[in-house]
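All chains are identified by letter, namely A, B, C, D and E, in their written order; residue positions are counted from 1 within each chain.
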Amino acid sequence: MEWQFFTEVLVGGLLSGVMYSLVAIGFVLIYKTSGVLNFAQGALLLFAALTFVSLAERGLPVWAAILLTLAAMTIIGALIERTVLRPLVNQPPITLFMATLGVSYVIEGAAQLLWGTQVHGLDLGIDDLPLEIGGVLISSFDLFAAAVAGAMVAALTLFFRYTRIGLGFRAVADDQLAALAVGLSLDRIWTAVWTAAGVVALVAGLLWGARLGVQFSLSLVVLKALPVLVLGGFDSIAGAIVGGLIVGAVEKLAEVYLGPFVGGGIEGWIAYVAALGFLLIRPSGLFGAKLVERV
Amino acid sequence: MPAVLSEPVVSPANGNVPSALAVEAVSLSFGGVTALSDISFAVAPGEIRAVIGPNGAGKSSLLNVVSGLYQPDRGRVWLGGHSFAAVPTDRLAKLGVSRTFQNLALFKGLSVLDNVAAGLSHRLRAGVLAQVIGLPAARRERAEAHARAEELLAFLHLDGVRDRPAGTLPYGIQKRVELARALVARPRLLLLDEPMAGMTLTEKRDLSGHIRAARDDLGTTIVLIEHDVGVVMDLSDRIAVLDYGRLIADGTPDDIRNDPVVIDAYLGVAHDLEAGEGI
Amino acid sequence: MTIHEVLLSLDGVEATYNHAIRALSGVSLTVRTGEIVALLGANGAGKTTALKALSGLLPAERGQIAAGSIVYDGEDATRRSPAELVRAGLVQVLEGRHCFRSLTVEDNLIVGGQVRGLDRAALRSELERIYALFPRLRERRRTPAGLTSGGEQQMTAIGRALMARPRLLVLDEPSMGLAPLVVEGIFAALKRLNREEGLSILVAEQNSTVALRHADRASVLETGRTVLDGSAADLRERDDIKAFYLGFGVGSSTAAATTPTAA
Amino acid sequence: DEQYFPLQSYRVGPYAAGGTGFFGGFIDYLTLVNNRDGGVNGVKLTWDECETQYEVERGVECYKRQKNRPGVAAWNPLSVGIAYAMIDDVGRDKVPLITVNHGRTDSTDGRVFKYVFPLLLNPYSESSGIVNYIGTREGGLEKLKGKKIVVLYHGSPYGKETIPIYQLLAEKYGFSVEQVEVPHPGNEQQSQWLSIRRTKPDYVVLRGWGVMNPVALKTAQKVGFPADRIIGNVWSNSEEDVIPAGDAAKGYTAITTQASGADYPVLQEIAKTVYGAGKGNLDDKKRIGSVYHNLGIVNGILNVEAVRIAQDKFGKRTLTGDEVRWGFEHLRLDPARVEALGAKGLFHSINVSVANHEGEGRVTFQQWDGAKWKVVSDWIAPDWALLRPIIEKSSLAYAAEHGIQVRDPAAEDASN
Amino acid sequence: MTDLALEKAGTATVRRLSPAPFGIGVLLIVAYGVLPLVASEYLFDAILTPFLALALAGLGLNILTGYAGQVSLGSSAFMAVGAYAAYNLALRLPGLPFLLDILLAGLVAAAVGLLFGLPSLRLRGFYLAVSTLAAQFFVQWVFNKVGWFSNNSPSGIVTVPPLSVAGMPLDSSAGRYLFALGVVTAVTLAVWRLVESPTGRALVALRDHETAARVIGIPVLRVKLLAFAVSSFIIGVAGVLWAFAYLRTVEPAGFNLDRSFQILFIVIIGGLASLRGAFLGAALIVVFPLLLARLGEALLGGLFDSGVLEMSQRIVLGLLIVTFLIAEPAGLTALLDRLWNRIAGRFRRTG
């Protein structure tokens, strides 16, 4: 039965990994267009989930709550572009990184100010009863989440593949001054991308919220997404998925099979160490764009 | 087109004329693109050797091979009596080689003086602690480095911007700072990649003077990539011409000026040259 | 070719970086439709700053226009975003080959054409136009621009700007790093476009010999100020003026001239 | 005269739910006493809040600031970290530090920790209480022999603190224990629960914190482990821990020192007079009678009663911190007194002394039925005989390390 | 070339310490002479001492991030290493003079920093930044897991022994402040010497153009690792101050990711590659929230509960960060310089 347990852990890990990917995708979107690690992604996630849940609790039908939340995310995206990104155009990534940290304070504060600090339950109406497939336990909720993530990745990949916007995105990430000079509308691109990141945050927030409850700690799930990012490459949607799968599997297998030897609880860092080891072989992740430079 | 070599290459290994730099059958390609193919040539000590050729001919790649930033697929590089399959960049400065870059490679946050003084980094002996505590040896070393750097600033007329962060200077001046940084160590071999791009005629003239002075006063051997043909003809003792990664000519300025192959590939019709940027 | 109304005019433009470093203190110049204007001046005279100012790129460099007016095509250019200006036909080739490094050469060109929203076929033919001008680029079109040679990058940058079919092309030191034949080729091509399509050109150049040979008129900047404005032919003739605007290094004697004064 | 309660509260951040409930209840009770009785024997109760976000440095800053107000009665930080950082200072400033239901175990020994009061419960007595409860469920402690218990603990000092005591309890009662760590913050527990599923324990003790608790319950459901076999500890026992888990929490049982619900007279009174007058502290009236709110109220009762007891000795005026400390050391509320306070059934009794700063409190267990907590056990006493020696060993070591003179309770009682 | 393209910030960096030794003199006199006499316990314990500890940590990180251009998100791990090392040294080698204890603790932190600096030889930018999180989480885990480090304290929180130097007890608020001040002054002086030295210039060279640095003969690997070691050393010492002079307790949770961000934030808001920056940034991060809290309380305390106030403060703080970054990406140092220039300019004109 050992192999069965192994399979169970592996499958469980892979499915958890998909949940990480959901969060990671939001990061990728922003990184792709500004070369910046967006630390406000966690706050966006919290804000989206909290807004949705609070609206739903106030008796709004689910579709209306989702629409209103989407509207809110759009407004936030536009506001961030206007007040933060535009004045900081062409600044080094570290500056923008810090700015996103500031933004995350604002969003977190605003979210809790608006909706309070209570803990909310979030029921998406998906039963999470154990499913036995060939003797291996699989969570139906995780399967659903995986399907959502898959759909999202497919949609985004198609979008990038079949529109020229993807090219513009990479151009902006490469050199903002040149992007301005060739007439790319950074304002529009950024608004769109931050809104998209907000939508991704909403999806991730709902799924994670259904697991954790909607509360402040929701913003901490980004810590699970970071190793996924470095492993997959900061600027690759596909990398976010593959990275997520790897991180999920490594984490769970390590915790179960390695944990007992060192006292357990190694999940918090093992993903980072694994990602680090991997990076030493491929310094820009699995699918990340390689650094292009010459003299 | 067969390579036109006006003179057989003297391999430093067996030859009688010791060269300051020699490359021997160097080839380099990047996934299908041949940047250098079977290049051999030697530079005599004290020579000013220009390398010219169309864009993408492989000139910068050649310097990068010589300074170890690129590893050739085949061939060897001779530097000051040593032969390398891949030049160790870390030891370059100690081998008496310094270079400038085609795209600016200054330390933008450092002042002009510190940029230039940094050119002497490989000479420093004092450890970190000695520097922090300020032991006499460290202080002396530092003072010497600064004195040398100041000398060069004066030499290249840069003393007016001595304390400005290099990144805020106009392009042409940054180029000159880079030259100062390369010169400060009194290299035996100096590699210059388009040092005069973005300069006015007067400045080019000045700089040519400085380069010549470096050779005359310090005996530095100079390899120079430059697109300003007027400057090249005027300044160099010999000229190597690259095209599509191959050495298509190597000779004195006069040879090159009249070489139909070179005119075809690079110079264009002769009258352009006359009307061009003669100094 | 007839010279029409004023397409671009700068009047008394003053600009600072970071609200502190004064880079321009009175630049005036005009470009009429169908004209080629050269902007000359020594290192640090303010050419690049002036060009960035007129194409709206100064804010991205933390620079500000402190005074003066810039009018493009009859409208105040300082109020329009760089993207709007590009759409209105004002396209700049930046100093120092700002290519999108990780994009291939061809993708760089495509991005340049994006403002026009071309369909596939039109895009193809536009690319062919650029490749005809720079055959070298065709060979390198699949290479990330960041890895190509200096000259190839410069060609990419110029080609990218041409992809947008500008009405006013602003070039900052286009000859830098290019082989003489290529420089001639570019200027010949630009001249042709100028003749055939009425493309107006504003070019900042150190290589004044080349620039003056092709320009109709020239403006000379010194320490952030327009000091001379005249026909290129006149300037070509006058050695005294050449000596005047070519500047002399930044030795201690002329440090004051090239070190911007704090505001 | 005024007696001042500085509140190092936290209403923001990851633990905001606990902070708003606890400090809300505390304030509500103080308000009640002021409104109803005009204070304690005419001495008005005052307080102000200083937000800590559960961060130690902020707590320290609050301490240094708030301690300058006159008439400080006692400190109630509800944070282990902040409490530790204050231990030296409260000793020097001679003001009691109340760490209800938490705090360091060895501070139960008041002979060493003169100013520290881990009232009602400490981690060791809590663990013992939980094991005793499992014993009663199994029909007697002797039935524990051969049983298998997994302790799922939060990967923090707090979580780890009870590892040795569970080991000890396992040895004593003959059950086997496996202790499994969940790394902070605990939003992912797949691997732990898969392991648990494989181990097939009889019970899982949940020693969680914040988000870890609902996730544990959800993941348990996911692997098919029944919720009624999960026993939560005192920081896993609130509504906030179960509501996000939804149905998965149905049947989950947790320890508590105070029952929840708003049926007790004191709560009715608070609801009527305090909230009725619009002076209630909770934003959401539905939370009246919730676990943290009730803990805050009980904490309020204990503080106020300590002041009252001290006033009986020192006079009906603003007391010094040291006098209030004396009050705490003589805080004896038997069930009759508890009933008189309108808290019968809310909590059982307390009996603090110089030697025992905890008060031999009793615990009870509540089960979540999907909407509210229901008490499912009697008041259970921990195994003091087992615990006291361990506590003393630790406290005496501390005394030796810090050069503290161990007090002699008999002598002190005689001198009073 | 540069890691997170610090080049823009770089252009305004590396200035000499303030050109006004006069100003520094005044500061020192106030810090050593005036404050100990007039400051209250609150000022010492709640403001000055944590300010000093954080400023020191900022100084340490500035060497790595500001000067050498390597972004680290794991600073508080090194603080933790310093704090725990000092605690264990004091515990296990009772006779050890405390100054030596600090030095050794710093060295331990430096060694750990060196280890976690190794990836920097290959990684860049945010890839490196995120991988420093490995240090953050691993170190925290170790201190949590291995009871030995906290002397098997059941709660994992340890109380440090009282501070005394050369037999002189420094247990009062003022004493601990003065001790921290002494350490900070000494380290700042050393750091100043370092960044002004050729090695310090080499750090910047590395940041601005690694290839060029290599070509001119700067031993890139050695210098990079040196940056990690020195930076971790200083951050480790800051950790010792945090534990011994400020909180007097140590727990792993106190050295969490938020603290790392806080330190990074100090460095960036203060000004990369500037010594003053660390102090200005630390002042902002320590003092500003307090001011805001007091102000909010005074103005609105009656109207809203502390939670609402706190949330509003969070928003204000976030806005402030963004505003400062927009006003001057090069940090408070540059902002002050600019203001000063303007004032001086006006003065000159009128005077």
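We take it that contacts are C-beta pairs under 8 Å (C-beta built on N, C-alpha and C of every residue); 3 or more make two chains touch, one makes a residue touch a chain.
Given the structure is predicted, the values throughout are model-derived calculations rather than measurements.
Listed by label, the chains that touch chain A and also chain B are C, E. Compared with chain A, the chain whose C-alpha mean position is the greatest distance off is B. We define each chain's centre as the mean of its Cα atoms; on that basis chain A and chain E are separated by 30 Å. Averaged C-alpha coordinates give centres for chain A and chain C that are 42 Å from one another.
Averaged Cα coordinates give chain D a centre that lies 36 Å from the centre of chain E.
The centroid of the Cα atoms in chain B and the matching centroid in chain E are 43 Å apart.
Among the residues of chain E, those touching two or more other chains are numbered 1, 6-7, 9, 141, 144, 211-212, 307, 311, 314, 329.
For chain B, residues that reach two or more other chains under the stated contact definition are 60, 69, 101-103, 105, 168. Residues of chain A in contact with at least two other chains: 90, 112, 117, 263, 265-266, 268, 293-295. Looking at which chains touch one another, you get A-B, A-C, A-D, A-E, B-C, B-E, C-E, D-E. Interface of chain A with chain E (complex): residues 31, 37, 83-84, 87-88, 90-95, 97-99, 101-110, 112-113, 117, 223, 226-227, 229-230, 234, 262-263, 265-266, 268-269, 272-273, 275-276, 279-280, 283-285, 288, 291, 293, 295. Of all residues in chain D, only 9, 11-12, 16, 19-20, 49-51, 53, 56-57, 60-61, 64-65, 68, 80-81, 84-85, 87-88, 104-106, 123, 155-158, 160-161, 164, 183, 281, 394, 402 touch chain E in the complex they form.
Chain D contributes residues 11-14, 16-17, 20, 155, 180-185, 187-188, 190-192, 194-195, 197-198, 210-211, 214-215, 218, 221-224, 240, 243-246, 248, 283-284 to its touches with chain A in the complex. Only residues 67, 69, 89-90, 92-94, 98-99, 101, 105-111, 114, 117-119, 121-124, 128, 131-134, 138, 141-142, 145, 165, 167-168, 181-182, 185 of chain B touch chain E when the two sit together in their complex. Interface of chain B with chain A (complex): residues 60, 64, 69, 101-103, 105.
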